[in-house]
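Please find one structure pasted underneath; my questions will follow.
Letters are used for the chains, namely A, B and C, taken in the order the chains are written, and counting of residues starts over at 1 for each.
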Amino acid sequence: MKKYTLVWWKLAEMSFLMQCANRWSSLGWLGGKIVRFVFFFIFLTAIFRHVPNVAGYSLTQVTFFYLTFNIVDILAQLFFRGIYMIGRDIREGDMDFYLIQPVHPLFRISSNLIDFLDFLTLIPVLVLTGMVLPKILGALNFPELTLRLILYGLLCANGVTIAFSIHVLIASLTVRTQQMESTVWLYRDVASLGRFPSDVYSELFRAILTFVFPIAVMVSFPSKALLGILSWDKVALAFFLSSILLALSLGSWKSALKHYCSVSS
Amino acid sequence: MISLIRKYGSVLRISLQQSIYYRASFLMDRARTITIVFAFYAFWSTLFQGRSQLAGYSISQMFTYVLGMNILRSLIFSDKTWEILREINTGRISYYLIRPISYIGYCSARDLADKIIHLFSAFLEVWIAVSLFNIPLYLPKSPVTLLAFLLSAVLAMILYFLMSYAVSALAFWTAESGGPRFCFELFLEFAAGAFFPLDVLPASLKSIFEFLPFASLLYFPLNIFLERASPAALLSGFLNQILWIAILSFVTRSLWKRGLKAYCSEGG
Amino acid sequence: MEAVRDLSFQIGKGELVGFLGPNGAGKTTTLKLLSGLLYPTAGSLSILGHVPFKRETEFLKKFSMVMGQRTQLWWDLPARETFRLNQKIYEIPDPVFRKRESELIELLELEPLVNLPVKKLSLGERMKAELACALLHEPEVLLLDEPTLGLDLVMQKKLRHFIAEYNRRTQSTILLTSHNMNDVQELCKRVMIIDEGQLIYDGDFDRIIQHFAPDKVVAISSSQPIPMETLKDLGQILSHNGASAKMEVPRQSVSRVLEQLFKRIPLLDLTVEELPIEEIVRRVFLRTRSQSQSQKNLFAPGEWEIQEQEKKGMRERPLPEP
């Protein structure tokens, strides 16, 4: 465990050094992310000038859904972004080096592009969340409050786990087919549907977002748990789904590696 | 003249074939636009439950805006400027500069191919969506509206072309133009109304975007189509488009001139 | 597709073994099997008591691989950064790491280079940094895949010198593939020749010559033009250029031929050499090809003209011992 922490920090440091070498570009990416975050935020607040609620949620609640989406999404990107590049890693032979090092290849690949800019974008998101939380939880007694916060934290972690599994599934697919890496972008697009509370989508589509592309479980369930509107069977379902996905993805990764046929030099 | 058409026509044809060959990346582009459109469609349909009017839009107007977004995004925003960045940074541009073809002309033909194929796909998607979900559409009542819409869309296309090429020229001076370009694109999408109609926003913000060239890219043409623009707004909108086209053609042209000079003096 | 088959060998600790073969012979595939990058469909292999494909940490820590023209170094950063990364990955304690790092930097003359972004290094400099990076954890087994590919002669020599030195000093087992004969000739006592996925020779490098080359090359130059006819009956003429000539002569008749030459021609200079090793190996490959592909004629006329009777003669030679 200590080894993995050290390696992770070193990789993070190296990515940071690389970003410093390309600081204008990095600033641009950071700017773009902030623009996206701020504009969606403005949009969500602006919409409440025209309507009293969205799918039954108040401004605070919708904001909270949006912030939670950002937390899970940013964390997933922070930890797993390296997987986006797996196609290139395979083509250029870097994958071979990862495989002969005494660390888990999935860890090595995921941590290959740790982005400090994500830390920077995470800060305002967390600050805003801290500001919104009291408004949602203000009236609760202490045990109830702790319970909800713990459940929220667990479900967020669960969301990150689901994101990880999806990344691993895509990585396995890429190893198997030597292409398909663009499916990662498809995932990013579908995940962006989680900006709004899942209740804005029709019943059928909500089911798809729960069971097929479990984006709702990933980003909407934590907020619902915190709001106290997620039934216990849904909580169980969330953990059940993520365990199955995780097992499935790790299994597929293992078998993909067996089929891995590295490019010849 | 004929030989010119033939020359750029063949670039167009080759680019079309290429997009078909690299279907995966094309489909990803489409997927991105479709998810945005879908998310907002779902969002608005929830908001319109139990009401007929929102931010000055009727339900059919709002849905038409969302679907029109899909079409205008394809017509106006799709181009291959990321290729230009790559070509400049890798030096591949020299390969074009030494040939009897204008690089800008070559890029425009390539962009046009991109626009055609995206537009085709966008119409198909809208047609499928409308017939599948029975989405109520707002169709303009007078043919003059349609004419004005087409004119404003063409002007918007030219305007975006100029803006996009001005930003791309950055690549002549730095290899790090990718980040700024990403930032520019995202900002533009919001400010142009490519996510939601600008009427949702506070009036002050909206008027800033209307004054700057952004709103005339997408929001303005769609508002003409939805017959929401007053004659005065129409006039000022068109004036705004023309004014910015004039300013930007000057800016972009001189940026490219200088950029090419800087590039050539570096020796590629 | 089968890349290698019927390939079995054992390598002892501390050996420096060369893998020789033309492109596509299966050298890289064999290395990849040994490193656990490829999963063998049949057969078994074990290194240091481990099965490579299982990727046990214990095994991976004791082993390293360098692939020519590929790099594990981070392109935009100084090589030193990747060294540090590998320190963490291989859990090398700080003092040990510092000692080894400075040793390697000194041996490979990397001093100012490790502090420059890797993209600014030349191919040869990068290869040296690459080697240093792969050796920081002092692997017991080192696989080198075409380590000198694309390097200039001076750099090739330096690298070879370093590899030999490293092998002697650490008693590590080194397996090296190359299609550059000099690499193998200078470094490896034992050589394995592989072609079309099969092992066709495994033994001492020196014995390749005896084994495959019963001929020697006699080169002469004279004070006056040498008529072709005077040489014709002595051996196979390889080149003939006015007053100088080269010919291939069977080993056992070398002395007889020399005697005749002295008699017939006013000689200025005379040398007797072994056939170049490239040529020997080329002939070995030609022979296995012609055997495996039965009667198909695969003889491409190279710089060494091979005559009809020569071909027949080669086919009749015995196979090397396995």
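Note that contacts are C-beta pairs under 8 Å (C-beta built on N, C-alpha and C of every residue); 3 or more make two chains touch, one makes a residue touch a chain.
What you see is a predicted model; the values in this text were computed from it and never measured.
In terms of CA centroid distance, which chain is the most far removed from chain B?
It is C whose centre lies farthest from that of chain B.
By Cα centroids, which chain is closest to the centre of the whole protein?
A
What is the distance, in whole Å, between the centres of chain A and chain B, each centre taken as the mean of its C-alpha atoms?
30
Per the centroid of Cα atoms for each chain, what is the distance between chain B and chain C, given in Å?
Inter-chain centre distance comes to 58 Å.
Whole-Å distance, chain A centre to chain C centre, using C-alpha means?
Centres of chain A and chain C (C-alpha means) sit 49 Å apart.
Residues of chain C that touch two or more other chains: which are they?
Expected reply: no residues.
Touching at least two other chains at once: which residues of chain A meet that condition?
22
Considering only the defined contacts, which chain C positions touch chain A in the complex?
It comes out as residues 28-29, 32, 35-39, 55, 57, 60-61, 63-65, 67-70, 72, 74, 76-77, 81-82, 84-86, 88-91, 117, 145-146.
Inside the complex, what are the residues of chain B that reach chain A?
Chain B reaches chain A through residues 24-25, 28, 31-32, 35-36, 38-39, 42-43, 45-47, 51, 54-55, 174-183, 185-187, 190, 195-196, 200-202, 205.
Provide the residue numbers of chain A that touch chain B in the complex, in ascending order.
Interface residues on chain A, with respect to chain B: 22-32, 35-36, 39, 42-43, 46-47, 49-51, 54-55, 179, 182, 185-186, 189-190, 192-193, 195-196, 199-202, 205.
Which of the residues in chain A end up touching chain C in this complex?
Those residues of chain A that touch chain C are 3, 6-7, 10-11, 14, 17-18, 21-22, 92-94, 96-97, 99-103, 258-262, 264-265.
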